[in-house]
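You will see chain A twice below: alongside chain B first, and alongside chain C after that.
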Partner chain A sequence: MDALIQAFGLVFDPFVLAVIAVSAVFGMFVGAMPGLTATMATALLVPVTFFMPPVPALGAIVTATAMAIFAGDIPAAMLRMPGTPASAAYADESYEMTKKGQLNLNMGVNLVFSVAGGLIGVAVLIAAAPLLAEVAINFSSFEYFWLACLGLTCAVFLTNADAVKGFLSLFLGLLLATVGIDPSAGFPRFTFGEVELMQGINFIPTMIGMFAVSELLRNAVSVRDAGHVVVQQVGNIFRGLGAVFRRYWLNFLRGSAIGTVIGALPGAGADIAAWISYAVSKRFSREPQKFGTGHVEGVVDATSANNSAIGSAWIPALVFGIPGDSITAIVIGVLYMKNMNPGPMVFTENPQLIYAVFLIFILANLIMLPLGWAAIKSARQILRTPRNLLLPVILLFCIVGSFAMTNSLYGVALMLVMGLLGWFLEQHGIPVAPLILGLVLGEMLEQTFVQSMIKADGAVLAFFERPIAGALGVLTLLIWATMLVRAATHRPAAIAA
Partner chain B sequence: MPCLTRRTLLAASGAALATPALAQPRYPNRPIQLIVPWGAGGGTDATARIVGTLLERDLGQPVNVVNRTGGSGVVGHSAIATAAPDGYTIGMITVEIAMMHWQGLTELRPTSYTPLALMNQDPPGVTVAQNSPHADIRALAQAIRERPAGTFRASGTGQGGIWHLALVGWLQAMGLRGDHVRWVPSNGAAPAMQELAAGGVDLVTCSIPEARAMIDANRARALAIMAPERNPLFANVPTLNETLGIRYSTGAWRGIAGPRNLPPEIANTLSAALKRAYDNREFQEFMSSRGFGTVWGDAAQFASFMAEADRAMGEAMRGAGLARG
Partner chain C sequence: MRLNDALLGAILLGFAGWVWWMTTFFPAFPGQDYGPNLFPRILAAGIAACGAMLVLRGLRRRAPLIVLESWTREPERLLSFLLIPGAVLAYIFLSDALGFIPTAFLLLVALFLWFRARPVVALPVAAGVTLVVHWFFAGLMRVPLPRGVLDSLL
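Then we have the complex of A and B:
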């Protein structure tokens, strides 16, 4: 209880509130700009949060990402260009609604259901994370080994791309994770005698490169002009919402539930949540033929899902140090920087900070309503921001952020190299999310495996002896078996074709 | 502009270069960088930050604490050693500088630096889980001795780290082999304590301040410290000597150093300022509140302390089979 009161004190501080307000506007802007993602918003916040105490630092990230995921819906409806990948699933649907003259209704649905879905994700985070931490305190290297395996499996399982490309990206990430001092024997690997490489491939500069620099490169090579906003005037966006809610409340709950679950699974975030919930909505709809023609039903599901995924992605990140999505992969780095090392102990050591993060989550979703309304009203102006001014500013932030992570030019060089690699991978349809997860979880996987083997004196069965480890292990093996069977049964057809 | 020939320009710039040497304001006249080879938030970082704050007040120039982490400390230690010896880059060096070169991780050793001051030393402890069957250090030591090698598992840091050596030294002092208790390498003290609470290992040999969070959460118990005397903050934790009659003590230490060949007058200025920081009540209060041990050694004492530590560590690591080459 004391911690909760302290948390209120930490959040309702003028500086923290100001940070939240500024990052909300920043998040809205980044989300509304096609090509700038919520992950990029987080990456750009890293250098700024470096100089802040933990609560405003995390508050900035929480607020900006929640806003960005909503704001991505605005250009989706107005330009048919999703502002973030999380809005891609229903960008066509939204645009069709606009063409039918239902822009007001579409914007209202997106805003209100984003807020409501976001609140559901937060509620699950608040309820589940401390409970899970109680269980997780009894986890040893065996349990963590299986969790890491599950996390890596999810990364491939849930990717939209071809499974082979997912594996390729994942193994590349695991390979990069082996650079530096080996976590068990303390011996340098792949360092080529370079002192800087002994610190390994730092994953924040890598993510800034992969998610921001590669996007800049894409923008730089495509000379497409994004400036034509062909929209009718936005009117009262809240009219007709009551009817939509009465008709589609089940879609809202289902979308939020799917989003929450997908968000909490490692490696899959808001974008995958939106795709899956949109597909589920169409599958179970009474009027599936209307999908794709400007029908609001799928939008309700998907826009609730992508916002609910944001909060629940923090569950594995806080409790196990396993990122729920690419945003929380950066958050984990920031947590380490602020001496809030993720793990079950963070709930007993710094409960006031965790409660403060929860409060900010609620606050962020609440202020999304007025700010989102303002963003919709001023969308025309936002979407006219000249790219030739925006892109250099973003690059500048990328450089500062990478430098801040390593305090040397190594971070900057790493970021630029990874930016090129990320661009190259995406050009060939290889998703970068599995790579990031491999890089983040690689050390945990290797270390817990070696620790477990040392403890068990080489007896592999020890991986199944502890009850929770046994259950997680069997689950992992079952998923692998399913994947193998699926691959085996589909392969002949693919070869024949 | 006929008067501005190349020669006059050269002469002028020569003069411009020469005069500051005469009119050079006293050191320090610009901000100083204090490099920490370990992450923000840890014990080394906290110690460096309080020293930095006090130095800043004393020298009248900003002292920026910069974390250069990774590579088991090699990256930061190397950044301190390779900086320009002008007194504007100094750093906090830690016990690992007397260990890493024996493992073949780096060429750096204590003599790669200009020692300025030794400020802190923390002894290892022996911590078990709250529900451990061993009531005290005597019971634990007896159980370790009676059971076959490899029955007990311990953790606390990486392979060949300071807490691993502490375990080896303790076992050897008991007349056992250094690997009688199996070492499970971990990523530092906090993950090791998590393993302890989860029942993954039987004991952890990190320092008591590092084990404090789990002890305060009633998940772990400290049985002993490997030091000549008790820590006032954990007064109920006995030493090995008073319980087992083993005079074994070691510890992780931290001190401030600059790159090799730091000019003597700059080194003296810094050493004197560090002495004032050490004697400052704020420093002493901060260290005791965290349970960190304080120990003072001036430049010369720090140098001989490190030489002795380097020798002892080399011996211990060869004895434990951890040295390479």
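Then we have the complex of A and C:
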């Protein structure tokens, strides 16, 4: 109880509230701009929040991501361009609604169900994280080894790309994580005598490169064809929402549940949650023939799902230090920087900070309602921001942000290399998310693997002897087997329904 | 730009071999079977396996060795693309000598103008953004941005 009161004090502080307000506006803007993603917003926020105490720093990330995932729906409906990948699943459906003259209803549904879905994800986070933490306190290196394996496997399994390329990305990420002093013997690996590389590949410049610079490279090609954006004016977005809710409340609950589960699974985030819940909605709908013609049903499912995934993605991140998606991969980096090392102990050592994060999550979802309304109303102005000015400014932010993380040009050079690598991988249909997860989890995976091997003295069966480790191990092996079968029979993932 | 799967796979096989070769220089510790070279070797083997599968796949499909998108044949678009890494490289090589403020301002102006912003807009926006970024990172957050030629003035 004391911790909760302390948490209120931490959150309702003028500076923290100001940071939340500014990040909310920033998140809305980034989310609403096609080509700028929520992950990019988070990566660019880290250098800015670097010198802040943990609560405002985490608050900025929580707020900006929640806003960005909703705001991505705005250009999806108005221009058929999803503002973030999380809105891609139902961008066509939303745009068809707009063409039928239902833009108001679509915006209202997106806003209100994003808020409600987000709150459900947060509720599950608040309920599940401390419970899981109590279980996790007894975990040994065997459990953590399998958890890391399971997380990395999910990252490959759930992306839509083919398994070979997914695993390739994962192995590259894990290999990048081996750069620097090795955890078992203290030997510098792959450092080529560079002092900067001894500490390993710095994570934030890598993220900025992979998620911001590579996006700039893709965008740069078309900046000079200035197109005029024509956006419809939005009227009363709340009319007719009651009827939608009465008719589709089950869809809302189902979408939120799917989103929460996918978000909590390591390695898959809001975008995959939206794809899967949209596909599920279509399969179980009484009128599947209406999907794709501007039907609100699938939008309810998917827009609830992507926002509920944001909150639940924090569950494995806080409890095990295993990211639920690429945004929480950054969050884990931030937690380490703030000396709040993720893991079950953080719930007993710093409960006030955890409660503060929960409170900010609730707060962020509540202020999404008025701010989202304002963003919808001013969409015309936001979408008119000249891209020829925006792109160079973002590039400058990337450079300064990366510089700030290492206080040297090494960060800038690393960002550039990773940006080009990220662009190259995407060109070849190789997903970037498994690489990022591999980079974050590489050290943990290697450490627990080598520790477990030494403890077991090479006996592989010891990896299955403890009950939870055994269950996790069997589950991981089952998923591997499924993937092998899938690869052998050459069927694409079931997600693209 | 898209390489044929077979070519990409071959590059990956070479890369994996290089990683394995690097690990042969890692020291072994007597009495400990699992040293610093174990994990990188597993990963090198994994990358090699993926590379081999890509080679097989590529040979079966017989796609052209490299596919270049249409924009790479339009000099204007190609230059727009190259300007992004070019600007970062310029920052890396110039910022220490020139200092952050002149470098950032010049980079922004150059990019703005190339992307067809009007000079009336480009110059003040570049100046404003440069000063705000400098104030925030150097002033507020104490990031040691290079001072360069303005050292005596600031």
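We adopt the following convention: the second predicted complex is superposed on the first by the 480 of 497 C-alpha atoms of A that agree within 3 Å, B and C clash if a C-alpha of one lies under 4 Å from a C-alpha of the other, contacts with A are read in each partner's own complex, and residues count from 1 in each chain.
One rule holds in what follows: a residue touches a chain if its C-beta (ideal position, glycine included) is under 8 Å from a C-beta of that chain, and two chains touch if they have at least 3 such contacts.
Given the structure is predicted, the values throughout are model-derived calculations rather than measurements.
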Clash or fit (per the criteria above) of chain B with chain C on chain A: fit
More chain A residues in contact [chain B versus chain C]: C
Which of chain B and chain C A:L172 touches, first, second, both or neither: second
Touched partner set for A:H428, first chain B, second chain C, both or neither: second
Which superposed partner A:L416 touches (first chain B, second chain C, both, neither): second
Touching partner for A:N202 - first (chain B), second (chain C), both, neither: first
Which superposed partner A:Y336 touches (first chain B, second chain C, both, neither): first
Superposed arrangement, angle subtended at the Cα centre of chain A by chain B and chain C, nearest 10 degrees: 70
Which superposed partner A:K455 touches (first chain B, second chain C, both, neither): first
Chain B versus chain C as contact partner of A:N407, first or second or both or neither: both
Chain B versus chain C as contact partner of A:S184, first or second or both or neither: both
Chain B versus chain C as contact partner of A:P344, first or second or both or neither: first
Shortest CA-CA distance between chain B and chain C [superposed frame, angstrom]: 8
Chain B/chain C common contact set on chain A: 184-185, 187, 407, 450, 454
Of all residues in chain B, those that touch chain A in their complex: 39-42, 66-72, 74-75, 78-79, 103, 105-106, 150, 153, 158-161, 182-187, 190-191, 194-195, 197-201, 213-214, 217, 219
Chain B partner contacts - residues on chain A that touch it in the complex: 137-143, 180-181, 183-188, 195-196, 198-200, 202, 336-339, 341, 343-345, 348-349, 406-408, 443, 447, 450-451, 454-455, 457
Chain A contact footprint on chain C (complex, rising order): 1-3, 8, 12, 19, 22-23, 26-27, 29, 32-36, 38-40, 43-44, 46-47, 50-51, 53-54, 57, 71, 76-77, 80-81, 83-85, 87-89, 91-92, 95-96, 100, 104, 107-108, 111-112, 115-117, 121-122, 125, 129-130, 133, 136-137, 141-145
Chain C contact footprint on chain A (complex, rising order): 47-48, 50-51, 164-165, 167-168, 171-172, 174-175, 178, 182, 184-185, 187, 189-190, 213, 216-217, 220-224, 226, 386-389, 391-393, 395-397, 399-400, 403-404, 407, 409, 412-413, 415-416, 419-420, 424, 427-428, 446, 449-450, 453-454, 458
